[in-house]
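Structures given as C-alpha cells follow.
There are two complexes below, and they share chain A, which is joined by chain B in the first and by chain C in the second.
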Partner chain A sequence: MENQEVKKPSFLARIGNFFKTIGRKISERAAKKAGSSNKTQMLEWKKDGWKAAICLAPALLILAVFTFYPIVNTFLVSFFPSYNYLDDNFGYFAFDSYAQVLQDSTFWRAMGNTALMVIVSVPLSIIIALVITVLLNSIKKLQGFFQIIFFLPYVTNGIAFGLVFATIFSPMDYGLVNTILNAFGIDSVSWTGTARNIPYWAGIFVITVNAIWNGLAFKILVFLSGIQGIDKQYYQAAQVDATPKLRVFTRITVPLLSPMILYITITSMMGAFKSYSSVVSLFGESMGNGQNETFITAVGYIYKYFNKVTDGLPWLLSRASAAAVILFLFILVITLFQMWANKKKVHY
Partner chain B sequence: MEVKLVNLTKCFSKKEGDVVAVDHLNFSIPSGKLVGLLGPSGCGKSTTLYMIAGLHRPTEGEIYFGSNEVSKFPPEKRGIGLVFQNYALYPHLTVQQNIMFPLENMKVEKKEALRRAQEMADLVGIGDLMARTPGQLSGGQQQRVAIARALVKMPEVLLLDEPLSNLDARLRLQTREEIKRIQKETGITTIFVTHDQEEAMSISDEIVVMNFGVVQQIGKPQEVYNEPANMFVAKFLGTPPINIIPAKVENGKIMMYKTEFNEKYDLNFADGTNLNIGVRPEYIKVDPKGKYKVYVEMVEYIGRDKTLIFKFDGQEKTCKAIIPSEVEVEPGTEINIDFKRCFIFDEEGKRLV
Partner chain C sequence: MIKKRLIVPALVALALPLTLTSCNGNSNVESAGEDFEVYSIAKLKERATKDNPVKVEFWHSFGDNISKSLDPLIEQFQEEMEKQDIYITVNAKSIGGGYDGLRSRVNQGTKTNSIPTMILGYPDHFADYISSDILLPLNDYVNYADKSIGFTDDEIKNDFVQTYWAENQLTGKNGKQIIAGIPFNKSTEVMYYNASVIDPLLEEHGWLTEDGEWDTPTWDELWTIAETLKEMVANGTCTWTHMFDGNETTVSAVKSDYPVYIDSEANFFITTARQWAESKDQPVYTTVDANGKGTVVFDNEITREVQAYFLEKAEAGLWNLPKKVNQGYGSNMMNNNEAFISIGSTAGVNNNASSKYKMKVAPIPQKSFDSGVQAVIQQGTNAAILKNNSNNYTRLAAWLLIRFLTSTEVTTTFSRETGYLPVRKSAIESDEFQEFLVDDWEGDIAATAKAILAAYSQQDYYYTDPAFQGSSIVRDVVDLMIQTIYCNGATIDAAMKTAYQSLRDYQINVQEPTTGA
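For the complex of A and B:
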C-alpha cells in the first residue's frame, strides 16, 4: 500500500510536496553562505539556466519572428491558393498551387538550371579547390603570398568582384574573353547582359565560372586548415614506402580530409540550390534573353511569383510558397542522402 | 646489410645561430645485428635515424648501405622500413590495407600481396585482427601493425624510432622481447632509437651511446655497462644510477671529503687535482673491516635486496648501495663499507681508471 502511495501521490500530496520543496530550497539558499553542497550547486545551475534563457531571449525572439514564423507560414500558405496577405485571409484549402507549379514548364526549367549548377559547379569547384590547396600546401617559397592571392576574393567587395567579372565576360568586343577570342579570329560571344542573343552554353559557362570563383576562397581556407592538421608522419611514412604523389593524394589526403569535404559539399550544394543573386547580376532581373528567363533558377522562380500580380489571380504568394516547399523537399532529400552515403566514406 | 656512417653531420639553422644536432658521426652497424641508439632527449639520435631513413638531408658526411653511398638518395630509393614513434598508421585503412600499402606501391600482384600481408601479420601475432582499423587496436597491437607494415616489403634495413615509448610498462617488456624475436627470425639489420637505457641494454646486440650529437661509446651492452668510457656513459646506464663522489688530491692522497680513497691505482696526481670517483650501487659491500666509514641515513627494502642510503663524512648529497637483504644495517648508525670496483674520472668526466 505504501509503495502505491509513493508512486501515485494524490493531488493534495503533490501540492504539499511542492511547498516542501520550495521550503527546502529557501533553507538551502540560506545555508549556501556556509558552504556549497551538491544540491546548492544544482540550485546555482538552475539559476544560471534562467540567466542563459534571458541572454538567449533577444536572439530567440528575432529568430522566431524572422525565421520560424515565416517557415511555418510558408507551409500553410502553400495550401491556400487564394491567400491574401493584405487582409491575412486564407480562403479555401487546396493543392492547386502545387498542381500549377508542377505543370509550369518555367518551374522545370528553373529546376533544371539549378540542378545543373548543383551537379556541375559544386563538384568542379571542390575538385579545383582541393587541387589548389594541395599545391599551395606543397610549395615552400611564396606560400603566404599565394595564400593571400587566393583569399583576396573572399574579402573583396561584391560589387568590385561583379564589375571585374562583367569586364571579363562583357558581351561587347572589348570584353577580356572576347578580345582573346577575336585575336584567334573567333567572333565575339554574348556572354552576359539582358540582350536576347545569349547562347545557352555561354550563359551556363559564365554562371559556372562565377560560382566556382565565388566559392573558391572559402573552400581553400577550410581545406588548407584541414590539410595542415594532418599528421606529417603519414606523409613521411608514405614517402618511405615509395608512394606515388597521386596515390598519396587519393589514398591519404582525400580520406583524411573527408570530414571537411563533406562539410563543404553540403554547404556549397545548399548554396547552389539557393543561387539567385549571381544570376540576376549577370543577366538582369529577367534572368536571361530578354523576357525568356532562360537562366531562371529555383529561387528566381519563387521571387517571380512572390512579386507577380497578373494571370488573373490577384495573389500568387501561395504559388511561390508551394515552389519554396518543393525546393525545400529537394534539398532535404539530397542532404539526407549525402549524409547517409558519406557515413561509410568519411573518416573522423 | 651493413650500415656505415662516415662523418655524418646535421646542422639546423635557427635565428639564434646554427645548432649542431649530429656532429661527425662515425660508426658502422654489422649486417643482421640489432643496434640501439641510446641517449637523453635532444642528443641527436632521432636525427641520426631520420638521416639514415632519408627524411633528413645530412649537412655533411656519407651513409653507406653495404658498398652503396645512399645519402643523396630519397627515402623511397633506400629500401628501408621505418617504424615511427606514433606508428603513423593510416587511420582510415584496415590493418590489412595498412600492411598491404607498401606492396601496392611496389605493384605486387593482389593475391601475392594478400599472402605476404597475412604472413607478416602472423609473424608479429596480429593475424586475426586484419579487418580492424587502427582505432580499434590497443597500443601494442598498433605497434605490431607498424612493424608488419615496415617489414612486409622486405627492407634491407629496419629503423625503429622509440617504438615502445607509447606503451605501458608491462606491454613494453613484452613487445621488446617480441621485437628481438622478430629481428632474429628475419635477420634484418635493425637500428633502434631509445632514451630508455634498460630497454637498449636488454634488446640490443650493440649499443651506441650518444650525447650532444657525439658518440660517447659503442659496444656490447654488458661492456658498455661494465667499462664505461666516460662519466656520462657511466651515469646514463644503470638503475639506480652510479654514485659519483667528488674528490680532491691533497698531499698525494685522494680525499673524498674527509675520507681517504684507498684503492690501488697506477696514476700520480698533482696536489689540488679535482677528481670524480664512480661506484655503482651494487659494487658496494658492507664489511666491518671495510676501508670506509660512512653514516647510514636510511634503509629501503626492495624485495630481494635492500637499498642503503648513506653519506661520507662531510658529504651533502647521499649515495646509494644495493646490498643483500640479509645484511643487518640500522639507520642512523655508522658502518664500514668496501668498494668491490670503482672508476676514477677526471674533472671533465674522462675516465682515468
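For the complex of A and C:
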C-alpha cells in the first residue's frame, strides 16, 4: 500500500538535508574550480549556507556543550581507570575499567533486569496503548472525557503518582493489592519497599505495571493523533467490502500507523533501557533486597558508581563511564537492528 | 536512504546515557596556600567599608526550624561588627540533601570554583576537602597572637569540649596535623522511652533512681523490659493513663511487633562494636595511619559476636530497625503506641515527644557500666573555611563569624533553641544553661532539656572514629549491611563478606577479616 500523505520533514531530517546541501555545494564548488559550474549557484550557496549556519548555531552550541562534549569526555575518562574527578589527574591509559565492569556479576544482573524490562514492558505497553487508542477512536460519546482520563497520568505530578502507586502496592497488609489478596485468603506479598524481601516476580511485575502506567498516556496521544490523520477513504472502502474489524485493524490501521509505532517503539525501548528513578522510588537506593541489589538496572549500575564520585571516591568516574559506554553501544546495536528489521514494515 | 537518515538522530538520542557520567569540567583550581596570611582586624576594617562590605558565602544544610535560630545570630554578628565599623555581609544558604548533599555540592563546585567561603561538615567531608586541596587549615587563626582573633590556650584546652575539638584534628595533605574545623552543632544518641508504661517496670526491678531516672541502662536490662512489654501487649494488659487536654485518658497498646527500635544502622554497629571492644583504642571499625590513609577492619571476631548477640534478640522480636516495619524512625512507632523505646539522635527529640504518653530520655544502653568500654557516638557538624574561592579578607570575616557562633553566649542560645549541645564547657556550666535544664518546662522545650540532660550524662563516653577519604562511604556500606542482616534475613557471615567485597570494589583499603572468612 502506498502512503499518499505529504509529510513535512522532521527537524532532524532538516539538519540531515542541510548537511546534504553543504556536501552538494562543496562538490559544485569543486566542479566550478574545474571550470564546469556557473557563478550564480555559488553565490546562492554562500548566502544560504551562512544563514543556515547562523540559525543552527545556538542549537549546535547547546548540543556541543551539553551532549557532544560529555559524550567525548565519557569515552575519554573510561580509558583512564585511575582518573580522579577532583584533581583531574588522568593517570595511565588502560582498559581496566571495561574489564572490571564486564567481569562484574552485578553488571550482568543489571543488564538482564533491564533487558527483561525492555522485552516485557515495551511490547505490552504499545499493544495496550494501540488497543485503547482504537477503542477511544471508535466511540462517539464521551470521547473527549475518556481522552482526558487516559491523558491525566501524563500531567500528574510525579509525587502524587508515586504516592498512589505506593498505596496500591504497599508491602503492608493495608496496601490495596494486599487487601484484595487477603480478602481471597491469600497472604500479603512484599511488592515494594527499601528493606524487605521482595520476590523477583513481584518486583518485576510492579516495575512493569509502573512502566506501562507511566508511558501509556503519551503513547495514546501519539497514536490518537496518527489514527485521526488516516484518510477515511480506506475505512469507507473496507466498509463497502464488509471487511471484518480485526482485518481493518491489521491491514489499514496498523500499517498506516507504522511510522508512529516505530517511533514509539524506539523511544520506549530507549526509555526502558534507561530505567532507574522508578526502580529507586519503588525499592530504595539499593534497588531491592538490601545488599542483593535484586532489581538493579543498567543505569542504576552507572549511578551506583557515579554517585560515589562526589561522595568521597573521585576515582570511580572511570568505572561509571565504562559502564555508560557499554550501555551506549548496546542500545546503539539494538536500535540499528530494530530499524533494519522494521524497514520493510514501516510505510512512510 | 532511510537507514542513513535515521542513524544521526538515533546516535544523538542513544547517547543520552553517556551524559550521565560526564559532568567533569576543567579543573584549574589555584592553591591559596601561598598567598594566605592572617590579616589584622585593623586591615579588615580598612577594607570592609559601608559602601563595599566584605561578603561571606556560608553554606549549611539546616531546615527552616534550625535556620530560624541561626539567622538572627548571623544578623547579631553583622550588627556587632558594624559597631566596630567593620561591614560584613553574610549570605547563609541552606543546601538541600542534608549534609551529604552539601558535601556533594562542594565536591561538584570544586571543579568550577563555585564553592563558599564557610561551610559546615563532618570530619569525613573535611578529609575529602583536604584531598582536593580546598580546605584552609585553621591553625593560624586559632593560634593567632591577637586574641580578638585567636583562641587562648585555656579556651582550646579547657573550654571547648575536648572530644569535639579532637575530631577536627586531621592529617593535612603534607602529612602534618591540622585543625580542619571548629565544633559548631553537636549531638549524640539517646534512648527515648514511654515512661507511662515503663517506669513502673523499672521501679519493680529497682532500676529507677530516686529522681525517677533510668540513668545507667544496660542492654540486658533493656531486653528484660522488652520481654515484659511483649507479654503485656499479648495479654492485653499494656495500658496506662495519661493527661490529655486536661483529662485523664486511658491508652492501650494492642500490637507491638518490636517494643524497641534503633534508628541508625551504622551508629548501632559502630557503637556496639566499641562497647564490646577490649579497650577504647582497640581498632574494631576503621583505622587511620600517620599519612591519613584509612583502613577498614570491621569484619572481626568482636563485631561478629556483637551481631550474633543482637540478631538473637531481634529474632526473639525484642527489637528491630524501623525499616523492618516500613518506617523511617522508631518515633513513628512510639507515636502509634506500637513501640515503647526508641534509640536515636538528640536532634530528633521533638519527634519523640508525644501527647499520648509521658516521654523520658535516658542514656543509650551500655554492655556494662561496671567494666569494659562504655561508648556512645558523637555526632553533629563543625565549621570550616574553604580557601579557593575566597581571599584573606573573606577568610578573616568567615573566621570571625565562626568565632562568634562558637562563643559561650551564642552556643548557649543556639543550644537552647535547637537541642544541639553547647560546644564549650563554660556554656554548659553557665547559669543560663543550667536554669534551662532544670526549669520545669512544658512541651517541646521540656523534651529538648531532657534530651540534653541525657546527652550530658554520657559525655564521658563520647567517641568518634577517625575520618579519612571514603570513610562516609564505609558508613553507607555498613548501613546496608545491617539492613540486610536484620530486614532481609542475610547471615552475618554473608553480609560481612558482601560488605567487604563492595569496599574492595570501591578501592577502599580493607584489612582481611580475622574470622569467618
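Please note the rule applied: the second predicted complex is superposed on the first by the 277 of 348 C-alpha atoms of A that agree within 3 Å, B and C clash if a C-alpha of one lies under 4 Å from a C-alpha of the other, contacts with A are read in each partner's own complex, and residues count from 1 in each chain.
One rule holds for everything that comes next: a residue touches a chain if its C-beta (ideal position, glycine included) is under 8 Å from a C-beta of that chain, and two chains touch if they have at least 3 such contacts.
Quick caveat: nothing in here was measured; it's all calculated off a predicted structure.
Placing chain B and chain C on a common chain A by superposition gives a fit, with no clash between them. Contact with chain B, but none with chain C, is seen for A:247 once the two complexes are overlaid on the shared chain. In the superposed model, A:70 lies in contact with chain C only, and not with chain B.
When the two complexes are overlaid on their common chain A, residue A:187 makes contact with neither chain B nor chain C.
In the superposed pair of complexes, A:172 makes contact with chain C only, with no contact to chain B.
By the touch criterion defined above, A:256 lies against chain B but remains apart from chain C after alignment on the C-alpha atoms of chain A. Number of chain A residues touched is higher for C, counting chain B against chain C. Of the two partner chains, chain B is the only one touched by A:231; chain C is not. Minimum C-alpha separation, chain B to chain C, in the superposed model: 17 Å. Annotation: chain A has no residue touching chain B in one complex and chain C in the other. Residues 12-13, 15-16, 63, 66-67, 69-71, 73-75, 77, 85-88, 104, 170-172, 193-197, 266-267, 270, 273-274, 286, 289-292, 298-299, 302-303, 306, 308-317, 320-321, 323-325, 327-328, 331-332, 335-336, 339-340, 343, 348 of chain A are the ones that touch chain C when the two sit in their complex.
On the side of chain C, the complex with chain A involves touching residues 2-24, 26-27, 100, 103-104, 107-108, 110-111, 124-125, 127-128, 131-133, 321, 323-324, 326, 469-473, 476, 480-481, 483-484, 487-490, 495, 498-499, 502, 505-508.
Chain A meets chain B in the complex at residues 231, 233-234, 236-244, 247, 251-252, 255-256, 258, 347. Those residues of chain B lying in contact with chain A across their complex are 53-55, 74-77, 80-82, 84, 86, 88, 90-93, 101-102, 104-106, 149, 153.
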